[in-house]
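Structure in structure tokens, see below.
For reference, chains read A, B, C and D in written order, and residue numbers begin at 1 within each chain.
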Amino acid sequence: MIRVTVWNEFQHERTQEKVKEIYPDGIHTCIAKFLGQEEDLSVRTAVFDEEEHGLTEEVLANTDVLVFWNHMLQEEFSDDVAERVRRHVLAGMGLVVLHSGHYSKIMRKLLGTSMTLRWRHGDRERLFCTCPTHPIAQGIPAWVDIPEEEMYGEFFDIPKPDDVVFTGWFAGGEVFRSGCTFTRGLGKIFYFQPGHEEYPIYHMPVIQKIIKNGVRWCVPVVRRPAPLDNAWVNPSTEEVYLSSHQK
Amino acid sequence: MIRVTVWNEFQHERTQEKVKEIYPDGIHTCIAKFLGQEEDLSVRTAVFDEEEHGLTEEVLANTDVLVFWNHMLQEEFSDDVAERVRRHVLAGMGLVVLHSGHYSKIMRKLLGTSMTLRWRHGDRERLFCTCPTHPIAQGIPAWVDIPEEEMYGEFFDIPKPDDVVFTGWFAGGEVFRSGCTFTRGLGKIFYFQPGHEEYPIYHMPVIQKIIKNGVRWCVPVVRRPAPLDNAWVNPSTEEVYLSSHQK
Amino acid sequence: MIRVTVWNEFQHERTQEKVKEIYPDGIHTCIAKFLGQEEDLSVRTAVFDEEEHGLTEEVLANTDVLVFWNHMLQEEFSDDVAERVRRHVLAGMGLVVLHSGHYSKIMRKLLGTSMTLRWRHGDRERLFCTCPTHPIAQGIPAWVDIPEEEMYGEFFDIPKPDDVVFTGWFAGGEVFRSGCTFTRGLGKIFYFQPGHEEYPIYHMPVIQKIIKNGVRWCVPVVRRPAPLDNAWVNPSTEEVYLSSHQK
Amino acid sequence: MIRVTVWNEFQHERTQEKVKEIYPDGIHTCIAKFLGQEEDLSVRTAVFDEEEHGLTEEVLANTDVLVFWNHMLQEEFSDDVAERVRRHVLAGMGLVVLHSGHYSKIMRKLLGTSMTLRWRHGDRERLFCTCPTHPIAQGIPAWVDIPEEEMYGEFFDIPKPDDVVFTGWFAGGEVFRSGCTFTRGLGKIFYFQPGHEEYPIYHMPVIQKIIKNGVRWCVPVVRRPAPLDNAWVNPSTEEVYLSSHQK
């Protein structure tokens, strides 16, 4: 059973009518619902307003994959919690970051770059699959149309991704690396650009399928506490071998 | 003229007799001297004990490539200065990090992983060139023997490098990605493992040649302030084009 | 059910006493046996002396992953069959290439480089895991000792691998990228260096575990005939979209 | 002095009026002219109709970078000459491949994949720089508009590039990895998509600047005959070292 925690800032859905209509119980509830229909996934949610943003040491220790959406409160997010999430990712916890989460403290800490991009409201996106061998692309068509989406455009200041699974085309004249994978420490990270809150993007079955694939891809291959320090090793690996083989 | 700043912690050379004999004026002075013999390089130095570690806004703004060696005072290094260096790297400044500098705050901030590894005193290293097309490998033999070196061994917790230019073999039974390149923002980073302070490694001509190559490779292709925030763009790139082409 | 075909040249085992003792029924039978014990794998074998080397169109069309070992008869291998295997890999068939198979016509055709390396009989290898997040590393220790192995050393003339899962240390003073992954077309390729025929390496449980992991990783995400030519598309993707959305 | 050979099929320019008007002396002459204005470049040309396509052993041995444009006669190109070019690239010769040269025998041999893509006449392209630290991007704006261009669209069946320097946006609704770098053996390869023969794209100064940058980036770091076979090495690297250091 893959233990998934879906985290959402949960601000827009309570303050903006348009967003409330699309996600009456919050983006997290929508995502948790379609993930929860999968037999291999066990899903819980957490939001900004909970204590420690609901991402306590205990919650993270019992999370295989964290799905993360935020937007307005990037700077208000606790430094300590961001550092805690980073530590768990380095120790193996998977991380699926959606849309404006690219600029979260978590991502800036894990990836190190400015994470900036160009953006504009009111556009239309076409996602092309540019890495069809990737497990996240399994069952996804050669391209996917998103009728309404916020434009995110290059240059996107990220480290070179391991794979660019999806490349976005925008009608307004821009391109974007819309689906990118990274590995940091023992943790796998999938950044997926679609999902502006004003459009019902997480209601689209094909987008749900991509997020499900992303969650499964992010499941840790191995999980153990990251070392807190460099490790002195003595005697040498070679001496250990020789002492056990040559008498 | 490439403006190089060589930074050194400069502690061991003043407190340990063995190190003092090898580098009587400090590692930085040794490195600055062999770099300074190159006609295209203009070199200055800075050390930990200077105010702001000698890495003021003004010094960094006038540095094309920063060469960095530290060891003992990783945690004592100023957070603010580390963040300042990171900002300049993202804006294009090149960075050559030597030996135990892998665990500097600067590297942890830029690369995001734990940067941990296995290590042991008293070994011997052989550097193999595993990327002979890289400019840093130019003029370097297929392998280089370092008669005395501290062992650094895998697993080395770094993000996947752009290129592994050198892979190290250690007589004690370990391997290491000893020469790695990364790109972050507009900045190029070369991490080069050799250079434990107790051995005269920076006096070896072939090691000097690798560091010179590294400095030249790290020269910025473009340099500009990194954006402080994401950029709203309106009208769209397409509308700009159409308005100028279709009347 | 994953359909695996294990292919072996099957020459040494019939002509050299030492090899016959280790693999009395051939390397292919040894590999097929330990793979066949897995519930999700359905295994058959083929060898050089069969017609079309046993790799007919029909066999390949019914193979999800081909495991390939060869050595002596690199140049005698049919060009047509090598091209057929390449075509099936580009169409999605997985490929696990062992040891001296690095120099097979199949690999030279798929990877394009000379595939040359340095080698020597009579050495000892230690495999370090240099990509612990990779599915092929699942359940494998930080390093694995192989008491007797032929040395394969850098520079290994391959294109930059997607991942270097294992890096080999040899007692004679060399390193090697011993476990590498590549993607070509829709096909995944895992090259794994261990397995000189004179040593009982494929009897080692940990080596068997790595090969099992490799087979599972190579299972196609999608499989379809590779296009024989470039594809003219008209009307444009955009016109298709607009005609279905704007009335 | 960098020795450049510009190769062109030179068919369209002699048979189609529209193309003849744009490139009266052939695409090769146009490219050779703007490259020849650079002080560090020494340029010659060769075309399909010459003996051995003008790419004799002697010409290639005296070429640092080969610039290659072809279209109609992909299959008529000599297998032997394609193999000869491949051998020289593996030995260090740089290769800049333009537009439909993606499907040349040379590229299919060097990269191993089908090299197929989607295409359509009559579109408009915007090139975004998605790797601003790359030397090929030096001095190039964040994006470049090409008023008329043939559409090349994803999925483009290439091995994962070392860098995607430019990503193309097409008005008809497609994206493309329009500027890609690869390394094969000791040779560097830059594939650059723009340049359909019916539009005056190689007359655009910014396109010329990209090609100049590409040529300079492809200059060999080292050049030597590629080994024809694997190399037996004895004694071991370690014995060589020990015999010279321990008496």
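The working rule: a residue touches a chain if its C-beta (ideal position, glycine included) is under 8 Å from a C-beta of that chain, and two chains touch if they have at least 3 such contacts.
What you see is a predicted model; the values in this text were computed from it and never measured.
> Kindly list the shared contact partners of chain C and chain D, in label order.
The common neighbours are A, B.
> Compute the distance, rounded to whole Å, between the mean C-alpha positions of chain A and chain D.
37
> Measuring centre to centre with CA averages, how many angstrom lie between chain B and chain D?
Taking the average C-alpha coordinate of chain B and of chain D, the gap between them is 32 Å.
> CA centre of chain A versus CA centre of chain B: separation in Å?
Going by mean C-alpha positions, chain A sits 30 Å from chain B.
> Which residue numbers or ranges of chain B touch two or more of the other chains?
126, 132, 153, 160, 170-171, 173-174, 183, 237-238, 241
> Among line, ring, star, complete and other, which best matches the way these chains touch?
complete
> Applying the document's contact rule, which stretches of chain B touch chain C when the two form their complex?
Result: residues 126, 128-130, 132, 142, 153-156, 160, 163-164, 167-170, 173-175, 177 of chain B touch chain C.
> Spell out the part of chain C that touches chain A in their complex, as residue ranges.
Those residues of chain C that touch chain A are 126, 132-135, 137-138, 143, 145, 147, 171, 183, 186-188, 220-222, 237-238, 241, 245.
> Within their complex, state which residues of chain D touch chain C.
86, 90, 103, 109-114, 116-120, 123, 151, 153, 157, 159-160, 162, 170-174, 182-185, 226-227, 229-234, 236-241
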